[in-house]
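By written order: A, B, C, D, E and F. Residues from 1 in each chain.
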Amino acid sequence: MARIVTFGEALLRLGTPGFERFDQARSFDLEIGGAELNTAVGLVRLGHEAAWISRLPDHPLGRRVHSFVRSHGIDDRHILFGDGRQGLYFLETGAAPRASSIIYDRADSATARLKPGDFDWPAIFAGIDWFHVTGITAALSSNAAEAVKDAILAARNANARISIDLNYRAKLWSPEQAGRTMSHVIKDCDVLFASENDAKLLFGIDGDFAEMAKQFSARFGVKAVATTRREATSLWRDRLHAIGWQNGQTIETTAMDVEVVDRIGSGDAFAAGVIDGLLADDFAAGLHTGLAFAAIKHSIRGDLPLAAKDEVQSLLRGDGLRIRR
Amino acid sequence: MARIVTFGEALLRLGTPGFERFDQARSFDLEIGGAELNTAVGLVRLGHEAAWISRLPDHPLGRRVHSFVRSHGIDDRHILFGDGRQGLYFLETGAAPRASSIIYDRADSATARLKPGDFDWPAIFAGIDWFHVTGITAALSSNAAEAVKDAILAARNANARISIDLNYRAKLWSPEQAGRTMSHVIKDCDVLFASENDAKLLFGIDGDFAEMAKQFSARFGVKAVATTRREATSLWRDRLHAIGWQNGQTIETTAMDVEVVDRIGSGDAFAAGVIDGLLADDFAAGLHTGLAFAAIKHSIRGDLPLAAKDEVQSLLRGDGLRIRR
Amino acid sequence: MARIVTFGEALLRLGTPGFERFDQARSFDLEIGGAELNTAVGLVRLGHEAAWISRLPDHPLGRRVHSFVRSHGIDDRHILFGDGRQGLYFLETGAAPRASSIIYDRADSATARLKPGDFDWPAIFAGIDWFHVTGITAALSSNAAEAVKDAILAARNANARISIDLNYRAKLWSPEQAGRTMSHVIKDCDVLFASENDAKLLFGIDGDFAEMAKQFSARFGVKAVATTRREATSLWRDRLHAIGWQNGQTIETTAMDVEVVDRIGSGDAFAAGVIDGLLADDFAAGLHTGLAFAAIKHSIRGDLPLAAKDEVQSLLRGDGLRIRR
Amino acid sequence: MARIVTFGEALLRLGTPGFERFDQARSFDLEIGGAELNTAVGLVRLGHEAAWISRLPDHPLGRRVHSFVRSHGIDDRHILFGDGRQGLYFLETGAAPRASSIIYDRADSATARLKPGDFDWPAIFAGIDWFHVTGITAALSSNAAEAVKDAILAARNANARISIDLNYRAKLWSPEQAGRTMSHVIKDCDVLFASENDAKLLFGIDGDFAEMAKQFSARFGVKAVATTRREATSLWRDRLHAIGWQNGQTIETTAMDVEVVDRIGSGDAFAAGVIDGLLADDFAAGLHTGLAFAAIKHSIRGDLPLAAKDEVQSLLRGDGLRIRR
Amino acid sequence: MARIVTFGEALLRLGTPGFERFDQARSFDLEIGGAELNTAVGLVRLGHEAAWISRLPDHPLGRRVHSFVRSHGIDDRHILFGDGRQGLYFLETGAAPRASSIIYDRADSATARLKPGDFDWPAIFAGIDWFHVTGITAALSSNAAEAVKDAILAARNANARISIDLNYRAKLWSPEQAGRTMSHVIKDCDVLFASENDAKLLFGIDGDFAEMAKQFSARFGVKAVATTRREATSLWRDRLHAIGWQNGQTIETTAMDVEVVDRIGSGDAFAAGVIDGLLADDFAAGLHTGLAFAAIKHSIRGDLPLAAKDEVQSLLRGDGLRIRR
Amino acid sequence: MARIVTFGEALLRLGTPGFERFDQARSFDLEIGGAELNTAVGLVRLGHEAAWISRLPDHPLGRRVHSFVRSHGIDDRHILFGDGRQGLYFLETGAAPRASSIIYDRADSATARLKPGDFDWPAIFAGIDWFHVTGITAALSSNAAEAVKDAILAARNANARISIDLNYRAKLWSPEQAGRTMSHVIKDCDVLFASENDAKLLFGIDGDFAEMAKQFSARFGVKAVATTRREATSLWRDRLHAIGWQNGQTIETTAMDVEVVDRIGSGDAFAAGVIDGLLADDFAAGLHTGLAFAAIKHSIRGDLPLAAKDEVQSLLRGDGLRIRR
């Protein structure tokens, strides 16, 4: 069991029921998630302790998020409350050939309004083994970007290892802004989660996965790179595999078939698995755990990987699909 | 049948089901409303033609509002679409002794972002009999306040009569700002909807209803004043009556008992009834129609007075509560 | 335990959820009921055996009704299946001052299409103690009216006692038609359920309840008359009492307070209680049982009095409102 | 942007939730649709103006349909209100190997009761570019069939182009009746939507699609023929392509994979796309637009193709299934 | 039409809606089922008469089960009511790669508490053609095992044929206990439903299906053996076929594709079909009917095969998946 | 802020939606509660720290309870997991004159199966200010009764003050058993929550509240006694006041009107308020806080008093029922 810190924003997800279009909406189902929160919950499920650092609005919607976070066994001691909105996103779930659609409504949120000095980073990182953050947090505001850099510095000082998920969001910042900021953030990180697409867009890195990983290593000192690939010819069924690079070696897992209840958050579940592997110094195991965790996430409504460690292990052992009685 | 224009914002209302607290929310029921839209729909139900002027975000949530507005037979030709958020509010419905609670989330909305010159007021008011607006629209932004003033000028030029609902919202502006702006807006209006509370807060007007009305008449040339009173010793049952002042005369109706499904929008239904009366130059009839319309509104989920004219008339005739087969 | 036969139609009730208006409907809750079916189920709950005679459409909606009927322990052996529609009604539930509203859609139903000779009445009434029918069945079609008369004849031949509920429905026939047909139907019946209103409308009978009852006795040989009264100043709370006349004596019960979940079918529950009393030759007990049953019915969604005999007895004993654990 | 008129009936669709059988129904989800209404809404979505001609019952269910129609931006000026029922259909959604099932309950509807002379066809068609109707309208009653013929005559006189969807419904009329009436209706139409099955059944036309189209051209002067084909080995996934004939040429599109939320109304969406193409004198484009529109329709609950024009274009461009953020 | 008796327990099934995990549960959907009840309902659907023998708790949950049983046309005359709990199971429905999961909560149920002598077996079996029971009933308690043996003896004495479904449940008893008890129960039965897995586990029988069947015949006098096979590479789609052995012959059907709404109870539907065939002395027909019935069951929510006989026949005829109108 | 420990069981509450009877149930709404858990949550809401001691089943339903407990900010460090069932109760909510009804299904639960020595009481009570438990915990099993006694001993040794709620449950033990055990438990406690009814039943104490309190003081050294009284003439509205005794003085509060969404857990909310007062050595303030908390609880679905401290204070200040914006 390791101790992990993640840092980010949580959004209320307001999803139309079933496959209803926004045009037809009469109600919204509420889920709560955020990339770093999702990964923190995943790590708790895998047997670790995780704290989630954030700033929530000091009104009932912020407290709704707080209670949700607590319910999943997350260490909530460093969460701040203050002014600003509760970030939202609206979700319409598609069916082929109609893609799913998200409307973000997160500008000016309590998290985006955080100020340098809000968090006592050295205290937060005391005794911590790992720090995880994504590009989304850095994109929220310039203050948030500063806070991410401060957190990384503090994490390094505390000898915590660091993982970064690029997670580029075009609605939040331009590729140039993202590239500039993230080139500082990802420096020397222990593992970077990145797609070839984003690598190209933010850093002008060309080539296949192995080439991309080498470039990240060469230019930024990144120690490992990982991602998942989906074959997505459908929205209800998919086929995933993971690919990773470490020390010049590329590892590619076999693929897993998934029936898709909800694909949101699967990348964050994958990150949790990879971190779990790296905490045990076994990158290949991390890729497999991450893939299995991501695969199971597809079967779960909401952003969180609400699966137990033994379910992940059972999937890796090849246990079948019979009803568990 | 008269032709009416109203001008304002519509919000998505995200209400917890039943009496659930925000703490317990897992879904939100969607309703759509806004003071001036509610009154416009009321006037359509009473047999008039009504156009609603607004500016909606050019994305699926704005189009959701648009389709809702159209479904109620509102003239939508002058609605604009552009940037900005779709304004929201979150609603938790109470039960005594726990009051209902609203969290507004409307800052920076598409309507608040409207610009002077967005609307061609002279064209809008061609052939129009009545203009209705509330203090909420003026409170959205300084541009919106300017637009309200422009609209009133154009309405007067078109010889349309004018009604104003003060509708002070402390979350949107200070009493001073509101008093300053609204003193221009209400000038010479044909009827003002105002409570003693707001009169005191915004204009320092003291005294009972009749005294307040006299002051509005003396200071601002207001031709009539109207409001409803509730005896609210409970959230599930209430007892309402209406009171109005015109030409130095105060009229007070008898009271009506209501079982409260949803009290939001009852003031806007009242306004529709009063305007209907004044369009026929019968203020007393307007007060009774308005009260009956407001009473029925309490029985209807959502912000709109979805009742037919003959239901209002039937209530005024004293028809009872037997099932209509 | 006695053996009872009732004869009538069952309708699908398509009700808007909560207090939604038809304007707002996005779904309908399904209930199933019909005056004579409701009374039959009430009698089964009070410990008797009851058969319900009807004709249902031979398609899945008719079979849905059939399965519903069976679930309540009703003897279904004499139910016929054939052509014609499944009768419906649409229900919108009100809140004061908005009354509830029903749209019937029952024309040309399988029951209305029944033909003389469809039922083997002598076989049906073999060994039967009581027959109950309402004016609704007679109003469905002229064939149905004939069948009601045939059934009454057969019941008399089998020495079964007979109860009739006038239940005048203006949508189905005129007062003249109803008066003409029902004057045959109610002849010499053991108990007639009738309101002063309907007595006046159909038979020109004036006067208070006692006077009305005397007239029914004098003109039609009716042996007893019973009805309930409600004080309905509200749709959510009511206060009921029962009143009956037998052998020149008028009996009036004390009143019961009810919180109204669903008032439909309460008259049919009352009928079941009165019949239960008369089966034990105790009219006064029947009035009390009927009132208690009707009162409990108000607390139950749907048309049926889904209460146990001991609940009725407990209410009559004056047991309070504490949670039963 | 063209101006289109369609003419037909709208039904309330009462569907069991999920995959519930009628046996299990406890509620029904309400949708509203009708072949010509669906196509009109599709044409509005594709950027045109469309009026829908119909006759609705003058009670709250008819007004519910009216408000639904208005919400979709349909020109409602020519809709009549009168006596008759609101037509219904009950829907049970299947899963392989259990087919979906529909129970129609539309006899004696307000639309079926329309009378010759109800509509002022010349006024309706003033300035109109296109008229669309299906065989269902003609099948409702002999008056309705006459009205269809009158409408076609008026459309021709107004130089509007005409499309007909055969849409044979065995529950409404016999193949002979349908063949006799429709042979007048389809005469010289600009495009006919027909399957080989119906062509054989109604007109004794044998052969493959091209052969059938040639016969329609030769015998009835039909200018183009179009249809979709599905490979339906499953109820949850399907694969569609379109096929069309014009001027002796047969065009067959490539196929599209769909995940089926609701297949009802997909033919009407196809018709809207084809009409859109023909309005621009590009039949091939119409087939592709129609296919894409029909494909997207499968992903949308209800009878209507609630997709935007740019979604159709995006699908034709080959944009993938990634979440749109 | 034959007369059948089955004997077993019914459980309340408390299932999370959709694919919700137990972690996320806020409500449970209620279904009711039990292996022998499911088969009895299947036999009623196939046109037979069936009685279900059980012991239910004498409180509202037991009565809820009773009313459910009655609604499906089951003969309920021999159901007893007494002390003990109402057995439950909690169900979470999976999506690949997450299997579905069941938590049983049935210990100490009213059925498990039945006592020898509770049932008058000779009276129950008078005039009965077939008796069906599964290993689950025998596993409930030692008294229940005795009752199963008594029932089989009485069935034989009444010349009823007998079918047994092994249905081994590891949560209820050990393989040794099960093997010991069931070796008495299955003796000389007319058909045994058993998988190779359970045969190996309980009786140490090795080999393929034919070998297993031969052993059952040789060691226990079993006259026929049948089972279904699924190819389950997914939870939402499956492919089933049936396999049977009788008189030394193995029969294997072709396969059927299913879209899985709910797979629970499909084995019991299969049993009903096989029994139906054997009642007509046509084992091969029974295997096909059973397979079709089981296939359709997959499309139906809940434990029961709520399909009509003509739907089974239509599937066997190869009717397709078009909407039935 | 004080530190509190409570000890007890939590049950899943499976409630029929709305006012559905068990007869009608098709789904159950899930709530989670337990007397001591409810009070602990109340104390957290009032600003204290609270740990809840319990033993949960080591399966997903036990983990569902765990996550629920955590979400409310309860210290969960001492919760044990082990064998045994998850206790349940089924709830049907009434409307006058039909009382609500509960079916307990909690026998043999994980909590009832706790063993002496399971908890390290001295460690649990280190630094604790207050201990609260009810008679329900003592009634679960003899081991549980022993554990309660051990806990009280440890609490005393730690100088924690102690509150006991008699909470007699006739389904769990006899008055004699309860009286015998509880006479040890309540000894010298700082406050006892007891009704005159239970005092009479368990200890033979007669007389009014003051007399009862004096007897508890005299016989058991109880330092204060408190209870609430309801005027319950209805299930939807009630009127409550509190009454307390300390040092020979009886204090009776004024009454509060409540609209009843859910009355379950209101006594536990009252206990939290009284303890809050006593922690500040102000019994009278505690009675008022407790009453206000209990009153608000009636407006909240579920067993928990999910209200903020400032809502309680606002009610005590007499703030009205206006919507909070």
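Things to note:
As a convention for this text, a residue touches a chain if its C-beta (ideal position, glycine included) is under 8 Å from a C-beta of that chain, and two chains touch if they have at least 3 such contacts.
These numbers come from a predicted model, not from an experiment.
Common neighbours of subunit A and subunit B, listed by label, are D, F. Between B-D and C-F, more contacting C-beta pairs join the chains of C-F. Averaging Cα coordinates per chain places subunit D and subunit E 45 Å apart. Mean C-alpha position of subunit C lies 41 Å from that of subunit E.
Each of residues 21, 23, 26, 67, 101, 236 in subunit F touches at least two other chains. Arrangement of the chains shown, judged by which pairs touch: an irregular graph that fits none of the line, ring, star or complete shapes.
Contacting chain pairs (ordered by label): A-B, A-D, A-E, A-F, B-C, B-D, B-F, C-D, C-E, C-F, D-E, E-F. Listing the residues of subunit E that touch subunit D in their complex gives 236-237, 256-261, 292, 295-296, 298-302, 306-307, 311, 315, 319-325. Across the complex, subunit B meets subunit D through its residues 67-68, 70-73.
Touching subunit A in their complex are the following residues of subunit E: 18-21, 23-24, 94-102, 104, 169-171, 232-236, 263-264.
The touching residues of subunit B, when paired with subunit A in their complex, are 14, 17, 21-23, 25-30, 59-61, 63-64, 67, 85-86, 88, 90, 92, 101, 103, 105, 107-108.
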